[in-house]
Amino acid sequence: MYTVCVRDHFMIAHSFTGEMFGPAQRLHGATYVVDLEFRREALDENGVVVDIGLATRILREILERLNYRNLDEIDEFAGRNTTTEFMARHIFDRVAARIAAGDLGPDAKAIESMRVTLHESHAAWAAFEASL
Amino acid sequence: MYTVCVRDHFMIAHSFTGEMFGPAQRLHGATYVVDLEFRREALDENGVVVDIGLATRILREILERLNYRNLDEIDEFAGRNTTTEFMARHIFDRVAARIAAGDLGPDAKAIESMRVTLHESHAAWAAFEASL
Amino acid sequence: MYTVCVRDHFMIAHSFTGEMFGPAQRLHGATYVVDLEFRREALDENGVVVDIGLATRILREILERLNYRNLDEIDEFAGRNTTTEFMARHIFDRVAARIAAGDLGPDAKAIESMRVTLHESHAAWAAFEASL
Amino acid sequence: MYTVCVRDHFMIAHSFTGEMFGPAQRLHGATYVVDLEFRREALDENGVVVDIGLATRILREILERLNYRNLDEIDEFAGRNTTTEFMARHIFDRVAARIAAGDLGPDAKAIESMRVTLHESHAAWAAFEASL
Amino acid sequence: MYTVCVRDHFMIAHSFTGEMFGPAQRLHGATYVVDLEFRREALDENGVVVDIGLATRILREILERLNYRNLDEIDEFAGRNTTTEFMARHIFDRVAARIAAGDLGPDAKAIESMRVTLHESHAAWAAFEASL
Amino acid sequence: MYTVCVRDHFMIAHSFTGEMFGPAQRLHGATYVVDLEFRREALDENGVVVDIGLATRILREILERLNYRNLDEIDEFAGRNTTTEFMARHIFDRVAARIAAGDLGPDAKAIESMRVTLHESHAAWAAFEASL
C-alpha cells in the first residue's frame, strides 16, 4: 500500500457545549496543522499516488473556507461540537467530495482510502480515516 | 475510524541482558516521549473519542510510577529486558486496565483499540497496538 | 552563556484591527506553543540555570490566565492587536514580574535575560527577548 | 502488534517525465529523511522486534548506494519516475531482500510487515508498506 | 528585541568542488526547509514586526527562482560551491534587496537584522545572519 | 555571521544531589539529542563553516565516551550534578579542545564561537554557548 501526505494549516475560533469541556466551553480558538494522506495499492502511470500539486491546491481551498473563522457561526456546524475529531471528519468528507467530483483528476478515483490528521498542539492530535 | 492522541514523557535508568545489546548492557537511561492513541468507530454524544483531559491525567499517573526510576529495581520487570517495545506494551496494558476499571468514564468502553508509541531519540521509536 | 528552555501551550480566540490583516480581522483563534528560555552566565550551586520544576509551574500559571479565552474581551489588551509578537512580550513581562517577586526563588535574580517564543503553526513563530 | 522504527536520510538529484510534474520535469533534487518500520506480533527472546543496531546498519548500507547520486543515471531506474512513492518502495524491497538473505539475523524472519516513509520536506511525505 | 519567522522550502540539484566534499562532489541534490527571521526593537503601529503575508509571498518568490533547478547551471553561482551556508547568505541578500526596494512596505525599513536558516536534513542545518 | 549545526544523541543514567531535584535525586536517566553549532564571520575557501563530515565524526567520538554510561560513576564528574546545562558545557569544552588540537583541520581555528544544545524531552532543553 502506498501513501502520500501533504500538510497545511488553518486558524479558527470556537466554543464547546458540555460540562466535560470545562474552560473550553468558553469561546477560544486553535491552530490546526492538517496532514492529508491518500492511499492506494498501485501507483499510476506517472509513478505517483496522486497529483501532489493538485492535492495541495484542493486542500488549501477547503481550508480557506474555514480559515480565520468563528466555527460557532457556521450554519453547517450548528448544534455540533467542532472538536478536533469532528473537524478531521469534516475535512475528510470535503476532500472525498472533491475526488468524487473529479477535481483531483480521473485517476484519483483509484484512491482507496484517506486519513486526515489535525494537530492542535505539540502534545495532542486527532484523526479520521476511512475507505472511499 | 477516529483517533485521538495525547503526548507526555518520562525519564528512566535501566540495563539490558544479552550480547546483542553491546554497550547497552551497561546501566544507562532514556527519555521516552510517549504518544497514546485511542481509536473508535463513532464519536460519543459530545463529539469526542475520549475525554482528553481525563486521558492526559491517566497517562500522567501511569508515567509517574515509572518516572525517575531505575527499571532494573522494579520487581514487576525482573528477568525482563525493559526495551522500548516492552515498555510500550507495559503502558498499553496499564491504560487498558484503567479503561476496564471505568477510570476514563463509562463511555470509554467504546474505545476499540489503542496504540502506544515511545520515542527514544530523534532517530528511533517503538510502538505497541492492539484491540481492547 | 547558559540557557534553559521549557515548553507549554495555550489556545485563544482573537481578532485584529487594520487592513493589512485581511481575513484575520475576523474573529478567529490560535494555538500558541510557548518556549520560555532563561539565560545566565554561570550555573548556581546546584548546577542549574533555574529550578525547572518551578519555571514550568510559573509558566503554566501565566498561561492558564490566557488559556481558552477570547483575548478581545480582556481589558488589559483593549485597543491593542494581540499579535503573536505582542503576546510573546506579554508573557515575557509576566515571567519577569514573577522573577522580580521572588517566585522562582532568590537565586533566579541571577537570570540575565529571557526569550519567549510563540509558535503559531508549523510554518510561523514570533519571539521577544530582552535583558532583565 | 509491535513496531520498531529507525531514521536516516539521503540526498539525490533526479528529474521527472510527464506534464503533470510541471517544473519538476527539470533536473532538481531532494533530501529524503527515511523512517523504516518493522512489525511483528510477538517480541523475540531478547524482548525486541529486531536488532536495532543491525537494522540501522543495513538501512545505512542501502541508502549509501543512493546517497549523493543522480537517480537519472542509475540503470535500474531507467524509464521510471523516481518519485518519493517509488523510492519508498525501492528501499522497502532492498530491506526485504536483506531480511530474506538472513542479514538481520535468523530471528528477523519473524518480521511480518514493514513500512518505509520518505519525508521530502516539512510539508510532504510518501510511504510504502506491505507484508513480508 | 522582537523576531518573526516564516517557513518555506525548495528542492535543488548541485555538485561541489573540493576533495573535502568526498561523494558530494557528484551531482546530487537537497530539500532546503527555509526559516526566514526578521528582527526589530519595537513593533509597528499594527503591533507586528513585518506584514507576515507579504513576507511569506516575497520569500516564496525568491525561492521559486531556485526551486526545481540545477544550481550548477545558474550563472550567478559559477565557480562557487552552493553549500547550505552559501545559499543561506544568497537568500538573505535577496530578501535584503527586496526590503531596500520597499517591497515589504515602507515600515519594513525599521527591520534591524535578519537570519536565514536552511535545514538540509533532520540532522543538519546552516544559517546566515546580519544587520541590515 | 554563519552557523552550521549537526545533530546526534546519547543515552545515560545519573542522579542529582539537592532537595530541589525532588524525585530526580533517584537514579534515573535521559536521552540527550545534541545540536552542535559552529559560528564564523566568513566562509572558508570551500564555501563552508567547517568540514561537516569531520564535525559529525568528532561529535560522535565525544558522545561515544558518554553513551550508555552511568554518569555517577565517571570520576571527572564526581561531586557535580550532571544536569543538562552542565553536560552541554562539558561537550562544548570537549569540542573546543579538539579544535585547539587541530582535529577539525587547520581552518577550523577560524571558528569564533560555538553553541551546544541538549534536548532532554519534547518539552525542555538546555544550552551552553561561548566564544573560542
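Per-chain numbering from 1; labels A, B, C, D, E and F assigned in written order.
Rule of thumb we're sticking to: a residue touches a chain if its C-beta (ideal position, glycine included) is under 8 Å from a C-beta of that chain, and two chains touch if they have at least 3 such contacts.
Given the structure is predicted, the values throughout are model-derived calculations rather than measurements.
Q: Please tell me whether A-C or C-E has the greater number of C-beta pairs in contact.
A: If we tally the contacting C-beta pairs, A-C comes out ahead.
Q: Can we say the copies chain A and chain D touch using the same residue numbers, with more than half in common, or are the two sides different?
A: Chain A vs chain D: different; shared/all numbers falls short of half.
Q: Just how far, in Å, is the C-alpha centre of chain F from the one of chain C?
A: Each chain reduced to its C-alpha mean, chain C and chain F end up 27 Å apart.
Q: Centroid from C-alpha atoms only, then distance chain D to chain F, rounded to Å. What do you get?
A: Their C-alpha centroids are separated by 31 Å.
Q: Would you give the residues of chain A that are in contact with at least 2 other chains, written as numbers and ranges?
A: Within chain A, residues 7, 122-123 contact more than one other chain.
Q: Quick check on the complex: what are the chain D residues that touch chain A?
A: Where chain D meets chain A, its residues are 16, 18, 20-22, 80-86, 88-89, 117, 122-130.
Q: Spell out the part of chain D that touches chain E in their complex, as residue ranges.
A: 7, 9, 11-14, 23-24, 26-33, 67-70, 119-123
Q: Okay, in this complex, where on chain F does chain E touch?
A: Counting only chain F, the residues touching chain E are 1-8, 43, 46-49, 51-53.
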